[in-house]
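Look for chain A in each of the two complexes below; its partner is chain B in the first and chain C in the second.
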Partner chain A sequence: MLTPRPTRQLPTSPGHHDLTSLNLHREYTLSTYTMAAKAPDRRRNNPPSHGTTLPVFLSTSSDVVKPAPPTRPPDEIRKIFLRTGLISSVTGSSFLEIAPLKLSVSVLGPRPLPRSASTPFAAQAILTTEVKFAPFASTVRRGYIRDSSERDLGSRLYQALVGAIRRDLYPKSRIEVVVTILDSEDEGDDVNTVCIDEDGRAVEPRFWDVGRAERALGVVLAGCITAASAALADAGIEMFDLVSGGVASVFADEDDAKGKGKAGVAQKRYIRDPAVAPPDGNTPLATCVLGYMAARDEISELWISGKLSTKGGTADMDELVDEAIAAAKSSRGVLNEAAKERVQFIVDKVQSQSTEDPSTTSGGKDVEMTG
Partner chain B sequence: MPPPTPLSPPELSYLYTSLALSPPIRPDLRTSFQFRPIVAECSFLPHCNGSSRICMAEAGECIVGVKAEVEKDATSKYATVIERDKWIEVSVEVAGGGASGPGSGVGVGGISGAGGAAGKDEGDGGAAVWLKEGLLAGGAGILDRLVISKGWHWKLYIDVLLLTPTSHPPPLLLSAATNMALDSTFLPKLISPHDVDDIPAFSDDWGISVPLYEPSTFPRPPMSLPVIAVGDNVFLDPSVAEIAAAEVGLVVTLTLADAEGHCDIVGVRGMEVGRGGGKEGERKGISRKLLRQMVGACVREAGDVIKGLGESTRQQMFRA
Partner chain C sequence: MEIAISASPQVAQKHLVGDNEPPPLTFPTSLFRHISPALYLQRHLLHDPPIRPNGRHPSQQRDFTLTTNSLSHAHGSAVVRTGDTAVVCGIRGEILTLAPGDDYAAFESYHHSQNPATYGCGSRGSGGASWGDLVVSNLEMSTGCSKKYPLGPPGSFAQTLSDQIQELIRVSKLIDLTSLRIYAQDETMESSRRPIKGYWSLYIDLLCISLDGNLLDAAWYAIVAALRSLKLPLAAWNPIEERIFCDRSSFHPISLRHNIPLVATFILVPVTRPPEDAGPEDPARHRDDIVLNDPDAFEEDEANETLTIMCTSINETEGKDTGSHETRVRVERIEKIGERKLGKPQLRECVDLATQKFAHFMKVLLREGLN
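Up next, the complex of A and B:
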């Protein structure tokens, strides 16, 4: 694939540079001069008044840019950076980073529902979730209006969180979870796309990359779930358990997938927290994303996409789900630390206050309970 | 928000208790894995390549039309880029204005709920997304069948019209109708050679048209089965009231893998349920054991259901 990369031509010598810009400048002043006699012409694209240097496109051929081979063992998830309380204007917030993925979560509320005739009575808090990719978050630009995949992610996030929140403690109120994805692993450009050479030699050189979008969205969704739980904890909203997200994919050897493999057991490979590109020589079979409440051992949201055989009952699915749960357990450790950090921050703050004013010593323990 | 039901909290509590009994008592006295009868008709829209109309209990009615158009692969100067995931377009229209109609679109999708959406931006509750996901998952066999010749392919439009927005839980209704419509889809026979990238020519004799899904080849079009759990009991084909009382729900998408009725799982999704009004039970999610039970029930029963629907399609198609 040719990826044109605009690079500004660097001046070889100061003298050369002056000459180029001077020449350009003269050309432009000539053309602007003829127009400048009248008012600025709005029907034409006027050139800039100063000179410009032409961009030089360097082709990045395949031998130059090559992704680093995965050094991570398949049962290890990527390192997670998770911080809470970075946005001061909302009740709770968090920021999460997993290699290329960056997202921030804001929790607004619980706040009262608007008093209007159209508002129904709500005995439990109404949760709304919204997931939005920033327009610059992926290779293909995203618009400002949420598209169907973003709405879909939002409703999955809702499903993951709604059971965990003690909504009956917040009647007649609403809690809003807003996720903004600032950067994501490259999902666009050549997703599910087959390139064919002009001379027709390689008609279909690559296996159609099944489940690529699912893996990309799965990692995003798992990140959203983990970060949203941290933000909810940061907001001090009471929950039954923190929900952590986990992703796992199952791959098969290429021969097995095409039916050439012997009738024996197909060699399956489970990868937790998979990268978008499948490992060499492996065909993706299925991806599982789930929201997992580790303390209760319950799955709050489940999404499996791909193909799983049921020859041995649900054994194939069970293995995949177990892998995803293991991934979720790994990210739970990070989530616990983030929640703890926040509690520690409040405790420290109260203690520092109480050393100044000894009359409020009883306050410290109360705050610790709400976290 | 849970799907809207006309049931009051005491009614939900009663329903929850009766479903959690051992053995459970369903409101219509079905057994746990029993499906309700359906009326299924196919190939009745004259302007479509394939069509179906499904009527289910609780006045659920749905019409699907499948139309195919010849499309050229997008070709630039240096490469032919084939974006195969754009070869199928699914749209779900909800009669009565969808988002603005009764129920405000909430719960129409049923799957992972339209709940949580901040605005009323989507009448179908994301149904089009999961219908397409089910079609494309699992090796994408359908996409290989859409290739016409070098540089040309069929573009498939699957238009679903849900006539009764809030009555029947849609996953089963929509997917059964889509399944049947795809099963009855015929494409005109190609008469120009395969390996030439000229404009393809087709025979205008519909008698020799080729089916999109060749009979007795596998996999067949997918189908989604909703399954709920109350207490220790698992129920297939839940009614609207049962979904409102259920603790957890899943939609399992399966496709027939061989003639004996074995199925492959091509998708599992969480389904939004009413959680018994929010008070009953201690369950907040699905345990692994319950998950196994729920999916296992679908896998066991799905073969007969999909085969039955396929049988009915075949009878109607070759009756004339």
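Up next, the complex of A and C:
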């Protein structure tokens, strides 16, 4: 086993009282983190018994990468690629891509509940949602067993979708939504970088900013909601409305505050669909993620985390929620286009089949099934 | 196209001609796919020329597309799509630090873990769980890739396939394990004399996104392409910090076997020829096997025999003066599951098809710039 060495504790960001932040900010030390920390899994191939550590990079103070300047206005979301119906062996599916985030959703069902004595009667369809990160989807390699942040994302996705589906139309059946996240934007390389000073000695790693995990997970959850409702629509499951996900963050603009000479009263800056790295000179305050049904003007899931002042009542919160709704409306446009594209594809397919001479269609032409 | 169900074609004819009688019960051809899949497949294959329900010839393989390095957190990655089967392969390197007294030769052998107790039991050991080697491959199917496979921990099919892939990597010695060494940082000594301080451990994670048969071939192609695109950061032992650090700016590929082996999977479908088609007084001719290349999920269900061929091509210089190259194929491994007899000509045909597939894959790799 590894020889014991002085461990370097990564600082955890203060003020997190949220379930989701537990995982990304779990306390681990760089030198004791190993893949072989748990007992071997008898259903899978296991890592070597020595245990392995994720690669740790050395960086000097000179090559600290500054976040790239924003290339889009704060009220514009990133480009979304959404396509449905790529998986033929399930009822409905979709694939979504927003910059580095790539996820695939498949919808299984509605199918009958297993027939057993323990299965209760269900007058409404039972919805289950599962969210799983691929092992290679984040900076720290994830295991195959669902961890707490994945379960949390799953239950939030459930909340966002369950109200939109007309479950009463599917009694005694279940609908499963499975989300596989192939790639995501997360804390970045800060977790595996050790800075060295001029003498070649390592110094404490940089303190990462508050709310980074919320922004990372928020973008993932918003993407999950949008993609999952596209997949549900592709599966032909009756819904009241499509749910689209939106995420917005509020920052305090420190530079602005300094310029005006009013210390402490920083200008608020709202950014829709924020990148994980905060813009230069801005302190993150709070992040809001929601599932929004645009046609009914209804919020099906709301998650705000961070610091918001309550001096002026709920004005701050309302503003942030409005920004997130605006982001959700923007992604709703993409959702509508994807649904339209798919309907057009199906219509074209049916038309081309019906115009063809039935005697020349494949499958039926040469096969005698008598006898 | 509608077909009448009746005892013989003549009876059906009579029914259709007769004016007074009610029309017989008819079903569309596609329904027979569900009522009697085995017969449906057989009748297709007995047709002259034989054509599979999916419109392919028995020896025709599906087209496939390959995309490499599309994931940001993996050191090497590939997405392979053959027909409706899609596999994502992400490879990540993690560092295994040798403790003083470790026998490094054990890590560089593909066979060290096969002591009599675990031999033949795969890497999971005899009935229980065990630790693996430097190269750890796993296949995950619980991604909602197909209706047939339930979500949750890997079932027997996923475990078998995972094991088969791990075994193929081990038997073919695909990766040169000596290229995974991490040396001490010492500029004065030449690289071969430096002490070995650790190893890169490769986690090969395969996610089946969409499943329509022949997962093994797609998975193997994804592994080979991802290994080709793999770039590990330069790592060295840092004597001051007494640990291994990586360099963010320089990367190196790992060395693979010179002749990359590839796999091709076939299935054998038993067909019973009608007596009039077969030779006179030869009952053996009534039963026949038809070899199908690159089966889809429907055909896999009906097959009772699977054949997997692993082969590689070797370029041999024929006559030094002419300098002409002749490509020869070497079969390295044949796995056949099932009891049916497979003749030499059929095997020969399979090897030829495997060779074609091999050449095609190499062309695609070349197009990706990975050859």
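FYI, the second predicted complex is superposed on the first by the 255 of 371 C-alpha atoms of A that agree within 3 Å, B and C clash if a C-alpha of one lies under 4 Å from a C-alpha of the other, contacts with A are read in each partner's own complex, and residues count from 1 in each chain.
The definition used in the following text is that a residue touches a chain if its C-beta (ideal position, glycine included) is under 8 Å from a C-beta of that chain, and two chains touch if they have at least 3 such contacts.
Only a predicted model underlies this, so the values are computations on that prediction, with no experimental measurement involved.
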Look at A:176 in the shared chain and tell me whether it touches chain B only, chain C only, both, or neither; answer first, second, both or neither.
both
Scan A:77 for contacts with chain B and chain C and give back first, second, both or neither.
neither
Can A:294 be said to touch chain B (first), chain C (second), both, or neither?
neither
For A:327, decide between first (touching chain B), second (touching chain C), both and neither.
neither
Tell me which partner A:141 touches in the superposition: chain B (first), chain C (second), both or neither.
second
Touching partner for A:132 - first (chain B), second (chain C), both, neither
second
Identify the partner contact of A:213: answer first if only chain B is touched, second if only chain C is, both if each is, neither if none is.
first
Looking at A:232 after the superposition, I want to know if it touches chain B, chain C, both of them or none. Which is it: first, second, both, neither?
neither
Could you look at A:276 and tell me whether it touches chain B, chain C, both or neither (first, second, both, neither)?
neither
I'd like to check the shared interface: which positions of chain A are touched by both chain B and chain C across the two complexes?
2, 130, 176, 194
Chain B residues touching chain A in their complex are 1, 78-85, 109, 112-118, 121-122, 125-126, 128-129, 133, 137-140, 143, 150, 250, 257, 262-270, 272, 275, 278-279, 283-288, 291-292, 295-296, 299
The residues of chain A that touch chain B in their complex are 2, 123-124, 126-130, 146, 148-149, 151-152, 154-159, 162-164, 167-168, 176, 191-198, 203, 208, 210-211, 213-214, 240-241, 286, 291-293, 296-311, 313-314, 316-318, 321-322, 325
So, in the complex, the side of chain C touching chain A is made of residues 1, 3-9, 12, 28-30, 32, 39-40, 43-44, 47, 51, 53, 55, 70-74, 77, 84, 86, 88, 90-100, 102, 107, 123-124, 128-134, 136-138, 140, 142-148, 151, 153-154, 159, 162-163, 166, 201, 203, 205, 207, 209-212, 233, 235, 238, 240-248, 297
Contacts from chain A onto chain C in the complex sit at residues 1-3, 5, 31, 35-36, 39-59, 63, 86-91, 93, 100, 102, 104-108, 111, 130, 132, 134-139, 141, 144, 176, 178, 180, 182-185, 189, 194, 200-202, 358-359, 361-371
